[in-house]
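What follows is a set of notes on a single structure, which appears directly below.
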Amino acid sequence: MKSPIISGAIILAGMFIFLKFLLPLVTAPLPASLIYLYLALVLSGILIYGTMSAPSLEAMMGPIFRFLSGKGQTGAGQMARLAVLVMFPLLVGWQTYSRLVPSDLPPAENRTIHPAPPGEFVGLSNPYPKTPENIMMGKGLYAAYCSPCHGANYDGKGPAAPGFNPPPANFSDPGTIAQLQEAYLFWRIKKGGVGLPVEGMPWKSAMPRWEEELPEEFIWKIIMGEYDGAHQSPRTWEEEEE
Amino acid sequence: MLNGLGSLRTLSIIGLFGVLGFSSAFANEPPASDEPGSVSVRLYQLEGSLPSEDPNSSQWDSVPSSEFNLAPQVHWPPRIQEVTVKSVKVKGVHNGQELAILVEYADPTEDGADAAALEFMVGDKPAHFAHGQEMLQVEGGPVNIWFWKNESGKAVDMSAKGFKTLETQPHQDVQAKGVWQNGIWKVVFSRLLKTDDAQDVQVEEGEWRNVAFAFWDGAVVDGLVKEKGGQKAVSTWWYVRAEPSADNSIFGWVILGLALAAAFELVIVRKLRKGQSV
Amino acid sequence: MSEVALLQIIGMCVIGVGILILLFIKGMFLRVLGFVAMVLGVFSLIALSVPQMASLPPAVETFDLASVKSPDDLASIGQKIFFSKGQCALCHSIGPSESARCPDLNGIGAKLSAEFIYESLTKPQAYIYLDYRHDGIPKEYPAQMPHIDQDPIGLSKQEIYSVIAFLQKMSGEPISIKVEDIMETVKETANSLKVASVSSTLKSQLQNLADR
Amino acid sequence: MTSAGQLRHATVVQGMNRMPGLLKFGSFLALLFLPALAMAAGGAEIQAMSVEYRDVPGIGSRNLVWVVAQQHLLLAGFVLGVPIFAWICELVGWKTKEQRYDKLAKEFTKLLTSAYATTALFGGILLFLLIGLYPKLMAYLTDMFFPSFLVYCLLFLLETATLYMYWYGWDYMQGNKKTFHLFLGFLLNLFALGIMIVPNSWATFQASPVVVGEGDAWARAWMAMQNPTWWPVNIHRLIANVVLGGFIVGAYAGVRYLLAVSREEREHYDWMGYVGNFIGVFGMLPLPFAGYWLMREVYQYNQQMGITLMGGFLAWLFILQAMLIGVLFLGANYYFWMGITHRIPGSEGQYKKPVMGMLIVLLLCLGVWMTPHSLVASLAEAQKMGGTHHPLLGVFGVMSAKMTVSNIMILVTFMSFIMYWRAGKQETAGWAKAAKAIMGGLLVIAGIAVVVLGVWGYFVPAIIRINYFSVAQVLIVLFIMVTFTPLTALLMKSAKTTTEMVWGKMPIRAGYSLVLNAVMVILLMSLMGYARSSSRVHWHIYGVMRDTSDYAYSPALGYAAAFMSLNTFVFCLIVAFIFWVATLGDKAKAQPPKGSTMEIPGHTAPAMAGGAPSSGEKLE
């Protein structure tokens, strides 16, 4: 009969292998933080289930405790126990070392992609009507000013895009401009990367501050052209995703 | 129990696949993986003198490189849509006193106006990669620029905080040497890790600094220099760090961790042997 | 040592103390306290492991009359006033909104003349606007328009002008407010300045402007 | 900027001078009776002319106010939440004629009386600190709200008087006078509600101010009180207070259970812990809906504030929130399940399967809920993903997914409770089988409907999702709760008990899990308090009065979390002290061994009660 502790270990290991090695076969690799999160959930599930009642607790923890206490063990059992007892402090020591040794990874930085705009840009609406002429003009302006980075296909893959970090926004992705109001875009185009608040890491964004070069009328029309070209529509009042 | 856990496993795996299968219906395609993946430059620690004078020194061969993509400068006018230098390989070394950074990039012709530059944030405040230009909601700091041009054959140590504030520092601390061979430029910049100049970036062993790159192809096309001034290939900020010397205090902590873990284990085992609850 | 590292060490020490209590102390109450300390320590460590970012206040913006050079400058100052000091956006929206309690100001700059808007802001009860956006008898709006030039909002004449400039711009209209008009009102204000509580710096600033 | 501020103070003085005569008389009364309040009104206005802020060296004014306000709010939450279920308990005892409910209600009220004075004490300290440290802001709020201050004081007097009568008259007002006592309890809750919603309006005005038009002081105060987030916050806090009260009572019972020496004590506190956990869970079920409404109002009121909360610099906070709520859901269900396996002998095998199913569903939901939209990733990891947004798992980060899983988690927890209710009982009614089949069918349909709406939500415009789909999900879950509860009650009415519940047999870890739940709730309240306060960013009064002090920034999450932990620990110590003092008397009374007079809950058969704990229960 398999003991619950072994079943638990198998589930945990299987989950780890699945998240770490199998999932990246079909999609981008998961960050370590997410793998830890899911493993922690699975582990807490195993613990909850294993400690639900007195018999299940005994079935799960009993063998471990008996093994650790070393009572009535001989030969291989004894050796295994010693090995575990030696391994544990070494593991902790190794963890301490790998935590403290200067890593080659620069500090994690997590840029907020859609930070809150300044108050004066929240409630604006596009003063220009969505006529075919205006949209046409917007698309022309987009081609001239925006497409080098954001791409002629509105997909963030313009010729200049590969060099920038953060990458230019992909407007055809439903997670970008479709989540935003026109006023938000107006703010981002007008003030550019340098207009971002601290959580937007303005020092890295290559988005120009277009207010220095383009009149507001052009910006509003570019917004129209952008939505139309990317086949998205601006969000009406709504909550923003986490 | 066996039964229960068997079905638990089955259920959880089915559930997981179900959830992931569902989410894959909405998934975007995974990003292209052909981009150079570096995020930082590591200045490897060497004993003795650095290959600062010789970009072709065999000392460089054993140093691993990082690679960064570059973009045409479209952030501020005068813009440029197409540049010669598409990416750069960077290697770095230091010996506790000095540092040397080698940039290696493709440029089919050697021209007098060919140039390369490194840019660093100075101080604690973040600076915008474009000459530390003013940010509207964040108080920014200055940048330190090391500029090399083929014609002059030497580096210029410069400072800026915002556009049109770029100026040559009164105190020059940077050397550079470039060699062009078979369509490849190799330029070595070198400096002391730390200087007395407040306008300079100070490289502290083990600490991260921000660096950005810029390159100009000085080829003459139709009687005009192809890239000059704001027309150049640029990168945004990446990281650079001088590899620290071995820090023995880490082992003190490791021993402490080991000892604590062993003591914990001892107490637990003793309790178990006595038959107490844990 | 950075603040985060310090807090992390404190967190780990707290957890360590909790473990020690649970290992060696028999008293139930202390054991529970040790348990609580461990839980809180773990919580803090997790919170310290996500990216740390403080939200810093932006620089205090001043309504700098001297910087006004074009009607567009005026409109951008008006935009700020509309959404902050003027408190206009507490009730009004520009464009359709479910939460707006008062008329939508979209296109208002095209519909109404600057003089009319000025009067609406300073003598709100001269005309009572009713809500016609539904069937049946028109209703009063849930909030009453306050006198914008009086307390507690108390916008100055030039501030009101700049808001009007903003509204005109938002309607795609040419801005009819002239920069010279603003300077005129500045002079008026400076000459009639009697309020004791206005700071002396502002007063001298206004005086300088008026003297130009 | 300063000049504008000073102008405003001038207006404050003018405003005070314009007050009508009646109000002046009112303030005169206030001066007579409430010196502290008078200082609030009078002291502030004089000081404000010269000082905008004062600081406290060392700790800093903001941190000091943070600690004191947090303690006051948590204590107040407890003090306002407990009378609600104490009164309901008393009502149940009166209706069912079961004395143990009356005793329990009295025990709750005892905890309430002892916490009441401390709450008021912290309130007073907070008031003095606010007046002293933030004179400019307080002058503004006083000008706006002064009449409501008077109402608040009046409510406070009434509440105090009612509480005294309610507590000291408990034993006197039994029998015929019980209805009057119940009426007192009702009044107590009514005044408590008033005491909560009046100050709420001051705080929500800071977050969502409205333009106050012309009118006398009373009309103006009323206009200011009716700000957009007032009622959502009132409802949210009301429910949250019940949850807080329930879990704290649960934790108190848990600790007393762990400390218990006699069998009777163990049985009593086991039962009390069960009731506390039950109240907490029951309150927790509608809480996410109230939170959703509040968030919706915030978005409607001001997008900027909404984005700051959900997508801006506070976005990471919601990962922590999901984690805390997750632990709370798991902890509450864990306690339910342990209750089944320990209190109903021989039931373990029978309930293993359903428990495992629920556990797996809960964990899957939690996995989705805790997956953030922007992940914590190193630069290299982020580059591999193409940003901090995972191409596959990113779909879990959006609102539609979160709403769906929280609805399912609520459903699961509700079913956990239903299962507990039905455990150890055998339905006898002829229609029981049909009813159970219908319930099962409804549950499956509801689950599928919630998931389908959630998935569909990805494909419709946001406005439709918010206004129709999310609401429909909530309604489906509420429908299940509303129909299942009476149905189960009917079924149980005629059911025969196959196995009696045995109280006092819970393992030690059950006591700890009750404590854990309480800590989670306290942390959650502290966390959301920080969120509420930080969403105003650098404004005292959003968009109207700017914070120009040194503390206008919002601290980073790690620092804030350390502070919340400290606050939580201090609160636990305060509560432990209060309860310790409150029960000193009991100990003296309990000295002579007369266990039989202690209330033995349930219809416990003597043979089943007591006995040595089995070997497994020694392990924690």
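The letters A, B, C and D name the chains in turn, as written, and every chain counts its residues from 1.
We adopt the following convention: a residue touches a chain if its C-beta (ideal position, glycine included) is under 8 Å from a C-beta of that chain, and two chains touch if they have at least 3 such contacts.
Worth saying up front: this structure is predicted, and the values here are computed from it rather than measured.
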Q: Select the chain whose centre, defined as the mean of its C-alpha atoms, is least distant from the mean of all protein C-alpha atoms.
A: A
Q) Quick one: which chain's Cα centre is the longest way from chain D's? A) B
**Q.** Euclidean distance of C-alpha centroids - chain A vs chain D, Å
**A.** 31
Q. Between chain A and chain B, what's the gap in Å when you average each chain's C-alpha atoms?
A. 22
Q. So what's the Cα centroid distance for chain B and chain D, whole Å?
A. 48
(Q) Can you list every residue of chain D that touches 2 or more other chains, as numbers and ranges? (A) 300, 308, 313, 316, 356, 360, 363, 367, 376, 379-380, 383-387, 391-394, 543, 619
**Q.** Shared interface positions of chain A, touching two or more other chains
**A.** 23, 26-28, 33, 42, 45, 49, 56, 65, 105-110, 118-119, 122-123, 165, 197-199, 236-237
Q. Which positions in chain C touch two or more other chains at once?
A. 49-51, 53-56, 58, 83-84, 89, 97-99
(Q) Tell me the shape of the graph of touching chains, choosing from line, ring, star, complete and other. (A) complete
Q: Using the touch definition up top, name the residues of chain C that touch chain A in the complex.
A: 49-51, 53-56, 58, 72, 79-80, 82-84, 89, 93-99, 106-107, 169-172
Q | chain D residues touching chain C - in the complex, by the definition given at the top | A | 1-4, 6-11, 14-15, 209-214, 223, 228, 255, 258-259, 300-301, 308, 313, 316, 319-320, 323-324, 376, 511-512, 515-516, 519, 523, 534, 537-538, 543-544, 546-548, 552-562, 564-565, 568-569, 572-573, 576
Q. Any idea which chain D residues touch chain A in the complex?
A. 295-296, 299-300, 302-308, 310-313, 315-316, 318, 330, 334, 337-338, 341-342, 348, 355-356, 359-360, 363, 366-367, 370-394, 397-399, 402, 461-463, 466, 507, 509, 543, 614-617, 619
**Q.** Touching residues on chain B, where the partner in the complex is chain A
**A.** 1-2, 5-6, 8-9, 12-13, 16, 20, 24, 27-28, 30-31, 35, 39-40, 42, 69-72, 74-77, 79, 81-82, 121, 126-130, 133-138, 140, 206, 208, 233-239, 241, 243-244, 247, 250-251, 253-262, 265, 268-269, 272-273, 278
**Q.** Interface residues, chain D side, partner chain B - complex
**A.** 352-353, 356-357, 360-361, 363-364, 367-368, 379-380, 383-387, 391-396, 455, 458, 618-620
